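Each structure below appears as structure tokens.
Look at the two complexes coming up: chain A is in both, with chain B in one and chain C in the other.
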Partner chain A sequence: MSEPIAYYPGCALEGTGHAYDRSTRAVGAALGLPLQELKDWNCCGAMEVKNIDPRLQTFLSARNLRIAAEMGHHTVMAPCNGCYHNLKKAEHDLTHDPDSRETVARLADKSGEAAYQPGSVRSIHALEWIREALGADGLRARVKNSLKGMKIANYYGCMYSRPRHIFPEKDKGPGSESTSRPHFMDELLAAAGAENMEYPLKTACCGGAHTLSDSDTSTRLVLNLLTAAEECGAEVIATECPTCHSGLEMHQARAARVFGKQTRVKILYFTQLLGLALGLSARQVGVAENLSDSRDFLRARGFR
Partner chain B sequence: MTGETLLAAAEDAICAWLAAHGVAPEPGQVEGYRLLALHRQAARVAPNFLACRETCRELIYQINCASVAADATEHARRLRLADMAGTHLALFVAGSLETAGLGTFCCAARPLHTPDAAQPRS
Partner chain C sequence: MTIHEKSLIRPENLIQHDKLVIDGVDVSGDWSTFIAPRVITDYNEALEAEIAAMPGGQHIHRCWQCGSCTNACTVNALNPDFNPRYWIYLIRLGMESELLRDKDIIWQCVSCNKCTNICPRDVDPEGVMKATAHWLELKGHTPRSPAMTFDHEFSAQVVATGRIEEGRLLQRFFARTGQKLTQDWLVGLIRGLILRLPVGLLARLGLAALRPPRTRRWDGAQRAMNEFIAEQTTAQRKALGLPPETAR
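So, the complex of A and B:
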């Protein structure tokens, strides 16, 4: 059993993305990778706070980093791209911008808490968590129920790798993640037995915040993501962000209803797929909690 | 459908966006491509255009792969992948004309790209 690392689920994983939270915890338990949830964590500032007052967002994310440090952790893992992005942005701003440090110190003092010291805690995504802890080979050795060549398009969304300057550890050559053509999810799912399809829209815009409203623009963008995945031969789009996932699910339904464009590609979190490959049941990884229904598809492939 | 026509369509889409914003497309290329120069120009006008940076690069990547494809089947497959990226770029540009700030709330978040934001580049 490894040492536990700090787990920052974020707001979405308590709401629309609860299947992602359930499957992340289940996969961690199955792999012997314990998680310790941050105590009294707060919203990361998401997109809304950042666009109104970016330094307030920096404080909110810095507070979560400070909690991780006070709990004795050197690493915090966030499965949500938005949370992960904002933790990385806070670290970047506190390292490079005196005004951000001053704002965080002032707000921390006002709230009677210590200010986070940059460089104390490393922020990683759930993809990095599993890849660093086990690697593809370590994961492959633990697979009990292979995905048996399930054809998958890996969709990373935009906030996992953009903007590049807040991810200094990426684009460092072999072994590091790429910001233009990410591959960590591809590697993990291949180790679990999937066949990754070449998908040219891995990081393409899905309409962002508009995805959560009834925007025709978002529906058109998502519909193109879905139809492109199908044309690439994918049976499943694997996601690693609750906002991307919700957007794909909602606009898949809306494209059928409003535009009469039906797509059949399934949408599953990568942790749900890994969990199934590790021998967990569909119920244990929350498949029934997804908005789109993949149960018949999975049953037909021998997953209980 | 050829690589040239796909590139030209992508360039036309960004030129149309620039024209709609009263900006004349600048001549020139970035890394040997007019599309990347036009994208950079649009991103200077509206940072949310950074949200389609990788789509532009993917389009060029697939066209380049098509140009060195070993056979006609692979050539056609690469062009089809390029077309998917081109379609997405066109949808993004069209969406940006309809919905101000498309992309702004996510990866191209405005505060990351405004003058008062911390953004030293290494």
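So, the complex of A and C:
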């Protein structure tokens, strides 16, 4: 067992992204990577609070980082792209923007809490968590039930790599993640036995910010992602963000009902796919809890 | 002579005469099409400063019009009228009436950050889009957009409880924007899910909807954030020369 790291599930993983929470925890347990949930965490503000004022968002994430530090952690892991992005954005703004730093200090003081000291906690995504702890080779050695060449389009979305400014550790050459052509998920799923498709829309937008307020735009963007994946030969789109994931599922259904455009590609969290490869059951990784139904597809592939 | 790139001229600025005689010379036919002269006098010289006073707009002055933002833009690919480079240009020149032609689509920015990622001058065009949408609403040029309604509902819930409970957010948003919760694609999706879900989990989700999750020890943060929002709203209205907000 390695040292536990702080786990920040975020609001979506308590709701529509429940299967992502379940599969993340199950994969952690199967790999012997302990997680300790942040105490009294708050919402990161997602993509909404920043539109009221970006500094409020910085305050929200700084509060979570401060809690991680107080719990004695040096690393906090978030599986949600939105949460991860906001933690990184807060760290960046607190380090580079005096106005953000002063505002957050003032808000923390008013709320009767200590202010977060930038640089004391490192924020990582669930992809980095598994990759750092085991690497692709370490993961390959643990695979019990290979994905057996399952054809996968790896979809990373916007918030995992944009804007580049807030990810200073990326684009540092071999071994580091790329902001324009991310590959961490590809590497992990390849180790689990998947065949990764050359998918040009890895970092295209699903319209998640306006999934309900401008549904037609979101449906058009998602339909583009789905049809491109099918044309690349993918059977599954692997996701690593609950907003993207539920957006893809919802607008796949909406495209069929409202636009009359049917697509068959399955949508699964990368943690669900990893879990299945590690020998966990479909139930243990929450396949039935997804909005879309992938059960028959997985059963036909021998995953129960 | 034909006008080259006629498609780039707005129809209302094209003047076409069936028969035209100038100085006794009959120029009917191809020579009778003109581009209306344009004289712009209604500059709002404070426009750039006003946008810069809105959250996200503070770096607009850095723009040197390279167009990378529009080139990278997700929404532009769906609708060529969605043109961040052009709007930044208009704002910096103070051409308010020209900007207002596009007032009903500016809120559609999906915050994919492709523009902010690519911008060589760190203008933060994504922030400028949000700042401009704010400005349009504060000035009364547009009603509150569905996206801004969602932002406000979402933020109010975060400030009040520290967390988001999606069911309640959805319900309140649909009520605010006058949409039915029973749109058939949504119903189909949720019915399918309910049929698959284990009973225990269903009960838990139902309970979460009745007793929404809250962050403990949140009162202080709630108070601080509310004060900050009130203070910022006052400052923004002042920057736009608007009277203080009356109590709602």
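FYI, the second predicted complex is superposed on the first by the 301 of 304 C-alpha atoms of A that agree within 3 Å, B and C clash if a C-alpha of one lies under 4 Å from a C-alpha of the other, contacts with A are read in each partner's own complex, and residues count from 1 in each chain.
Here is the rule we go by: contacts are C-beta pairs under 8 Å (C-beta built on N, C-alpha and C of every residue); 3 or more make two chains touch, one makes a residue touch a chain.
In this text, all values refer to a predicted model and were calculated from it rather than measured experimentally.
*Asks:* Given the superposition on chain A, are chain B and chain C in a clash or a fit?
*Replies:* clash
*Asks:* One more residue to check, A:V27. First (chain B), second (chain C), both or neither?
*Replies:* A:V27 sits against neither chain B nor chain C.
*Asks:* State whether A:P200 touches chain B only (first), chain C only (second), both chains, or neither.
*Replies:* first
*Asks:* Looking at the overlay, does A:G45 come into contact with chain B only (first), chain C only (second), both, or neither?
*Replies:* After superposition on chain A, A:G45 lies in contact with chain C alone.
*Asks:* Figure out whether A:A68 sits in contact with chain B (first) or chain C (second), or with both, or with neither.
*Replies:* The answer is neither, since A:A68 touches no partner chain.
*Asks:* Could you say whether A:C158 touches chain B, chain C, both of them, or neither, answering first, second, both or neither?
*Replies:* both
*Asks:* Output check: A:D93 vs chain B and chain C. Expected answer is one of first, second, both, neither. What do you get?
*Replies:* Only chain B; A:D93 stays clear of chain C.
*Asks:* Looking at the overlay, does A:P168 come into contact with chain B only (first), chain C only (second), both, or neither?
*Replies:* After superposing on A, A:P168 lies in contact with chain B but is clear of chain C.
*Asks:* Between chain B and chain C, whom does A:A228 touch in the aligned arrangement: first, second, both, or neither?
*Replies:* After superposing on A, A:A228 lies in contact with chain B but is clear of chain C.
*Asks:* Quick check on the superposed pair: does A:L56 touch chain B, chain C, both, or neither? Answer first, second, both or neither.
*Replies:* A:L56: touches chain C, not chain B.
*Asks:* Between chain B and chain C, pick out the one touching the greater number of residues of chain A.
*Replies:* On the superposition, C touches more of the residues of chain A.
*Asks:* Give the stretch of chain B that clashes with chain C in the superposition, choosing among 3-11, 39-47 or 57-65.
*Replies:* None of the options clash except 39-47.
*Asks:* Please identify the positions on chain A that touch both chain B and chain C, taking each partner from its own complex.
*Replies:* 47-48, 50-51, 54, 158-159, 162-163, 165, 179, 204-205, 207-210, 217-218, 220-221
*Asks:* Which residues, counting only chain A, touch chain C once they are in their complex?
*Replies:* 11-12, 14-16, 18, 40-43, 45-56, 59-60, 63, 103, 107-108, 110-113, 158-159, 162-165, 179, 204-205, 207-210, 212-214, 217-218, 220-221, 249-250, 253-254, 256-258, 288-291, 293, 295
*Asks:* Which of the residues in chain B end up touching chain A in this complex?
*Replies:* For chain B paired with chain A, touching residues are 50-55, 57-59, 62, 80-82, 84-85, 87-88, 91-92, 94-95, 98-99, 102-113, 117-122.
*Asks:* Which stretch or stretches of chain A touch chain B in the complex?
*Replies:* It comes out as residues 47-48, 50-51, 54, 57, 85, 89, 92-93, 96-97, 99-100, 158-159, 162-163, 165-166, 168, 179-181, 198, 200-201, 203-205, 207-210, 215-218, 220-221, 224-225, 228, 231-232.
*Asks:* Touching residues of chain C toward chain A in the complex: what are they?
*Replies:* The touching residues are 55-56, 74-75, 78, 108, 110-114, 116-117, 122, 127, 130, 134, 145-152, 154-155, 158, 162-167, 170, 173-174, 177, 184-186, 188-190, 192-193, 196-198, 201, 205, 208, 213, 215-218, 220-225, 227-229, 232.
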